[in-house]
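Mind having a look at this structure? Questions to follow.
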Amino acid sequence: MSDLTQILLTAKQEKGLTFAQLGQELGRDPLWVASLLHRQATASAQEAEQLATALGLDLSVVKGLMAYPVKGSLNPVIPTDPLIYRFYEIMQVYGMPLKDLIQEEFGDGIMSAIDFEMAVERVEDPKGDRVKITMNGKFLPYKKW
Amino acid sequence: MSDLTQILLTAKQEKGLTFAQLGQELGRDPLWVASLLHRQATASAQEAEQLATALGLDLSVVKGLMAYPVKGSLNPVIPTDPLIYRFYEIMQVYGMPLKDLIQEEFGDGIMSAIDFEMAVERVEDPKGDRVKITMNGKFLPYKKW
Amino acid sequence: MSDLTQILLTAKQEKGLTFAQLGQELGRDPLWVASLLHRQATASAQEAEQLATALGLDLSVVKGLMAYPVKGSLNPVIPTDPLIYRFYEIMQVYGMPLKDLIQEEFGDGIMSAIDFEMAVERVEDPKGDRVKITMNGKFLPYKKW
Amino acid sequence: MSDLTQILLTAKQEKGLTFAQLGQELGRDPLWVASLLHRQATASAQEAEQLATALGLDLSVVKGLMAYPVKGSLNPVIPTDPLIYRFYEIMQVYGMPLKDLIQEEFGDGIMSAIDFEMAVERVEDPKGDRVKITMNGKFLPYKKW
Amino acid sequence: MSDLTQILLTAKQEKGLTFAQLGQELGRDPLWVASLLHRQATASAQEAEQLATALGLDLSVVKGLMAYPVKGSLNPVIPTDPLIYRFYEIMQVYGMPLKDLIQEEFGDGIMSAIDFEMAVERVEDPKGDRVKITMNGKFLPYKKW
Amino acid sequence: MSDLTQILLTAKQEKGLTFAQLGQELGRDPLWVASLLHRQATASAQEAEQLATALGLDLSVVKGLMAYPVKGSLNPVIPTDPLIYRFYEIMQVYGMPLKDLIQEEFGDGIMSAIDFEMAVERVEDPKGDRVKITMNGKFLPYKKW
Amino acid sequence: MSDLTQILLTAKQEKGLTFAQLGQELGRDPLWVASLLHRQATASAQEAEQLATALGLDLSVVKGLMAYPVKGSLNPVIPTDPLIYRFYEIMQVYGMPLKDLIQEEFGDGIMSAIDFEMAVERVEDPKGDRVKITMNGKFLPYKKW
Amino acid sequence: MSDLTQILLTAKQEKGLTFAQLGQELGRDPLWVASLLHRQATASAQEAEQLATALGLDLSVVKGLMAYPVKGSLNPVIPTDPLIYRFYEIMQVYGMPLKDLIQEEFGDGIMSAIDFEMAVERVEDPKGDRVKITMNGKFLPYKKW
Amino acid sequence: MSDLTQILLTAKQEKGLTFAQLGQELGRDPLWVASLLHRQATASAQEAEQLATALGLDLSVVKGLMAYPVKGSLNPVIPTDPLIYRFYEIMQVYGMPLKDLIQEEFGDGIMSAIDFEMAVERVEDPKGDRVKITMNGKFLPYKKW
Amino acid sequence: MSDLTQILLTAKQEKGLTFAQLGQELGRDPLWVASLLHRQATASAQEAEQLATALGLDLSVVKGLMAYPVKGSLNPVIPTDPLIYRFYEIMQVYGMPLKDLIQEEFGDGIMSAIDFEMAVERVEDPKGDRVKITMNGKFLPYKKW
């Protein structure tokens, strides 16, 4: 975790702000804002300013978020944290079926991880609430030339 | 890919059946059916029979699906296939933000990958259709004792 | 090992307290308390306060235990410490038999590592005392959908 | 999985026998019997004969169980199967706390994985039955010389 | 290398055909055709037929090229073959500079490896002919949401 | 990233200079200049001086660029950053086809990564601009002796 | 190498003491004493005191040796140092033969690495002196249950 | 394990011969003979003949032992078999102390693993018999030039 | 080791030919001929014919040597065979010094492994004969552009 | 790279000395001197003094070279620096042929990497100067016992 991320998360905690509230300030999804704080996305000048204001930080600190980051925040490559590991397990178990299904529907290509968005929701359930995650990425067909 | 998976996928292709059609035969989601064919899920006696009928295979062949599989169908652990790799990349980039967001909403715990379901949809879009993937898993809070 | 863990373990050693005694203070199992000090579990506000009092530390130090940790305390992934390695060896030798036995009894699913508790006991034995470890986790059956 | 293990598990399935029943035939714990079938333990001449009779196999087939196996049945080293992975996760999360607790109680040394036994039980619970695993190994203190 | 690739490359060699000639038959770039034979791209029905005719093979053999392949043809992940290794070395040496330059010109995003084409040319040079490789991929800007 | 690289990139950013502008100052391609700043190439005394002037840095700082670097700037070996990963993916998918094509044209040998140059260009396209990368390396035939 | 090990080895060098001399002070084998200084063994209060006196160090420094260490002093797992690597090579070459021989003599089990001692001797030889290493560990038979 | 090793070990088992007996036939240590059967050493013509006679095998089968083997019989590199793993653990725990001690006694150099021999003995002990392993290798000092 | 290599080495052994003799037949260095048999180099039509004659093999068998091989004959990447491992160790110990020395003499660049030859000689020595290996590769200076 | 190596290389650079000149001062080969500076060899008291004088450093700084180093200076194990990587590639391509040739000439054994020396020379060539590397190590035959 970079020093900048550490500073931002500490300021957020001290202000008692949630990602949902920060999302509203910036007019963006809470998950995208969390990605920004973890240095996985790039802020515009305006977004940096809004964030500085919301977190009570000096703009000079926050403008590091305007530089293009080297992405990929997990270490080791297959993480040991149980919450994150489950997503790797899901791909171990459901990766090939998913590939078959996407290709059956769309042909040879991939779901973009760049022209992409993702959201988290709570689904209430008497047997225990559920986490609902939605991924939405453009289908990119393989080019022939 | 196991021999059984190979036989099942070949039969499906020769019959010209889609996972969606097989899903309707068994009353199950197409992705779950794809998982079953890839030996990542276990069939009941009735499901094995329905599948044998649909694929025109002998029941003795299909009943191997009733044994509990050793799960995890990817090799190497981080797959080189671009379609599947994108899901690993999504976790590299959005894994820590996702963890923060889930914990902010639910507390210390995980989204279950067992009491879990996942679906794929096509979202039409004039700029290019999109793949929408929905994951839905029970939240499991860490027990204290 | 995090700085916080270091501080907590040093304070515990200087006070001459055992995990069993800390467990009684917090009304929790000694192993769970040890997990808390190693930043593998999360304290409630009350537990943080009780721990601060017991260890003679300022509450501001201890409240870091209320944040959700990135879990997984071993490095390298397969540890070289002989005491911990033995548990990896047990899974190498008895992992597949255990899987067969659990599935024979419960069906397709897993023992939860989240809705889970574990305890250590000494069993006196004239030929040399024995370590008894008990794991107790909810069985989670695979969902079909 | 060795060819011999395959033959034994198939015979067991065709006879409709459980590990518990095989355990009674041999006067051994079901988990030890499962380990024997997976080539992680060594049979005596009498045990090989009892097993051959119970499974309806020729003694010449079964006597391979009397040879000392090269142990360690998992591949890759950190298995992708979710049921088995959970035990690795338990060590990632609770390994260091466990080490502290065992050493606090017993001093510098390890729990033997050789002079060792393990058992699985079902614990009924209205909120969902639980898996209880008990490990019991001799404590071995480090020798000084 | 898959059996099908082996068959296709052998037929090509026996017919004495170059990838350039096959490219002309199919109206495609020689590199794409080489990718098709190595099972890294998918043929249309017409392309499969043209290839079968050109190579003098039965259509039933060639139609395996119409299935979507699991892509990624190198093993081990970082190949030991000197010709291919040089491309990995180029990324080790020039990868970060390339990232800086692309981002300086285009902003935060990537060059697509899907909406992508690549070509090889010989550049005559009195000091020794040179290999010229051209990659051309759509720039994909990171989406914010 | 080395301290020297950090200093150079910061000075470049503060001066508001692009690699293209630095390339013009030194009479070199922008990508080579980016490689120099990332410590993957070696400056002559004159180039160091030109760079110091352009970036407003003391010559004593910049002359570290005249030492021969230990090359290879990526960590881990297969990088997690999506922009750079795509080049690894391209080799996974098109590496063997490329090898076949180069050898068909040139015989047994390699494209040099030392007597080598590379350039990046923007190709305007109404459907989205494209990144064009050109590699140009001397063909080196294997010597027999 | 831990800071404590560094301090101890430096003090030993400055005092001009050998491990053999330290061994005599503590009434222990030189190799065990070397293990203690490398934080692979645990000192009693008396041993810590004797060591402090011998090395001219303050007891407060040395008493860190009374804590139970996380063992395993090599990094990377297969060390590159030629002296240590040879022992890995010995196991690569003679490991399976050794296993066969021990099992032929003792049955299914292992040589303990805990109830274990090891010594180094010089054997004079006109063709070049030889290193003689003796390992002596309790045989532990696998328990059946 | 090579086919030849398999044949030799099976013949040995059917003849009911121990490595000690084979050692006497060849006038060699039992461990060296075990190494020969595992294809880690090379037989002379006479040794091959003696072995063929002792095992009742055709000389044409056994003469494969006269070819120089590719050595290194363990897979994976760090073996999972508990008996062999203990030797790796011994190096993890005692490797650096051993290096210090050998260098203190002999100077900069290594114990040869080529001009080397090793033996296994049973040491009777009322508290449980012990395995004694003796390694004896020529010390090779680093050459300066 | 490929099947073709196996066939060639067996034929060589049955004919009782050395690499030196084969080298004379082809007018090439013995090491290059050994490389050819191991599928690390490519034969001309004439060389294939000469080799077929020398080994008494059918030309159709030998002409596989005229195809361009996927090079790199070691597995695992860092080989366990002691003879080959020593060359890796030499690079671990003398790699950086070698780099410094070559660069001091030649500037920034590499020794080519393609425009390269290597030879092995015996150097008689009363204290034990010595292996002399000579590598000779063109120096390739890094291009600036 | 250790701090000591850093200090020595900086002093050497500031004095404008080559390894060849340092070699003459110490009466040793330039490559051995480079190894000494990189902490891969051990200095005698006299060599340390000569080096201190030549580099204008205090003897107390240089005497760290008299301690036995933990050898192996490359990281990662397979280095990414192109100059050093080529030597790994040479072993990938020519390792097995080299093994065959050495064994054909000398029998079962290895070339020592300890009783070993290596030298670098420039060979002038109108088509581009060449690097010549000579390795010379004692042949060590495998002992039988």
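Chains: A, B, C, D, E, F, G, H, I and J, in written order; residue numbering restarts at 1 for each.
The rule we apply is simple: a residue touches a chain if its C-beta (ideal position, glycine included) is under 8 Å from a C-beta of that chain, and two chains touch if they have at least 3 such contacts.
Because the structure is predicted, anything quoted here is derived from the model rather than measured.
A.B. asks: Computing the C-alpha centre of each chain, which chain sits at the greatest distance from chain J?
C.D. replies: Greatest centre separation from chain J goes to chain B.
A.B. asks: Sharing over half of the contact pairs with D-G by residue number is what counts; pick that pair out of F-I, E-J or A-C.
C.D. replies: F-I
A.B. asks: Suppose each chain is reduced to the average of its Cα coordinates; what separation in Å results between chain C and chain J?
C.D. replies: The mean C-alpha positions of chain C and chain J differ by 49 Å.
A.B. asks: Distance-wise, how many Å sit between the C-alpha centres of chain C and chain E, to the nearest whole number?
C.D. replies: From the centre of chain C to the centre of chain E is 51 Å.
A.B. asks: State, to the nearest whole Å, the distance from the C-alpha centre of chain A to the C-alpha centre of chain H.
C.D. replies: Inter-chain centre distance comes to 55 Å.
A.B. asks: Any idea how many Å lie between the Cα centroids of chain C and chain H?
C.D. replies: 41
A.B. asks: Mark out which residues of chain E touch at least two other chains, giving numbers and ranges.
C.D. replies: 70-72, 74, 77-83, 89, 92-93, 99, 103, 109-110, 112-114, 116, 140
A.B. asks: Output every touching chain pair, sorted by label.
C.D. replies: Touching chain pairs, listed by label, are A-B, A-C, A-D, A-E, A-F, B-C, B-D, B-E, B-F, C-D, C-G, C-H, D-G, D-H, E-F, E-I, E-J, F-I, F-J, G-H, G-I, G-J, H-I, H-J, I-J.
A.B. asks: Residue numbers of chain E touching chain A in their complex, please.
C.D. replies: Against chain A, chain E makes touches at 28-29, 32, 41-42, 68, 70, 99, 103, 107-110, 112, 114-117, 140-145.
A.B. asks: Provide the residue numbers of chain B that touch chain D in the complex, in ascending order.
C.D. replies: Against chain D, chain B makes touches at 67, 70-72, 74, 77, 113-114.
A.B. asks: Over in the complex, which chain I residues touch chain J? Could you list them?
C.D. replies: Counting only chain I, the residues touching chain J are 1, 9, 18-19, 30-31, 34-35, 37-38, 40, 71-74, 77-79, 81-84, 86-106, 109-113, 116, 118, 120, 122-123, 125, 127-140.
A.B. asks: Flag every residue of chain J that touches chain F in the complex, lowest number first.
C.D. replies: My answer: residues 13, 76, 79-83.
A.B. asks: Tell me, which parts of chain G touch chain I in their complex?
C.D. replies: Touch residues, chain G against chain I: 78, 80, 82, 85, 89, 92-93.
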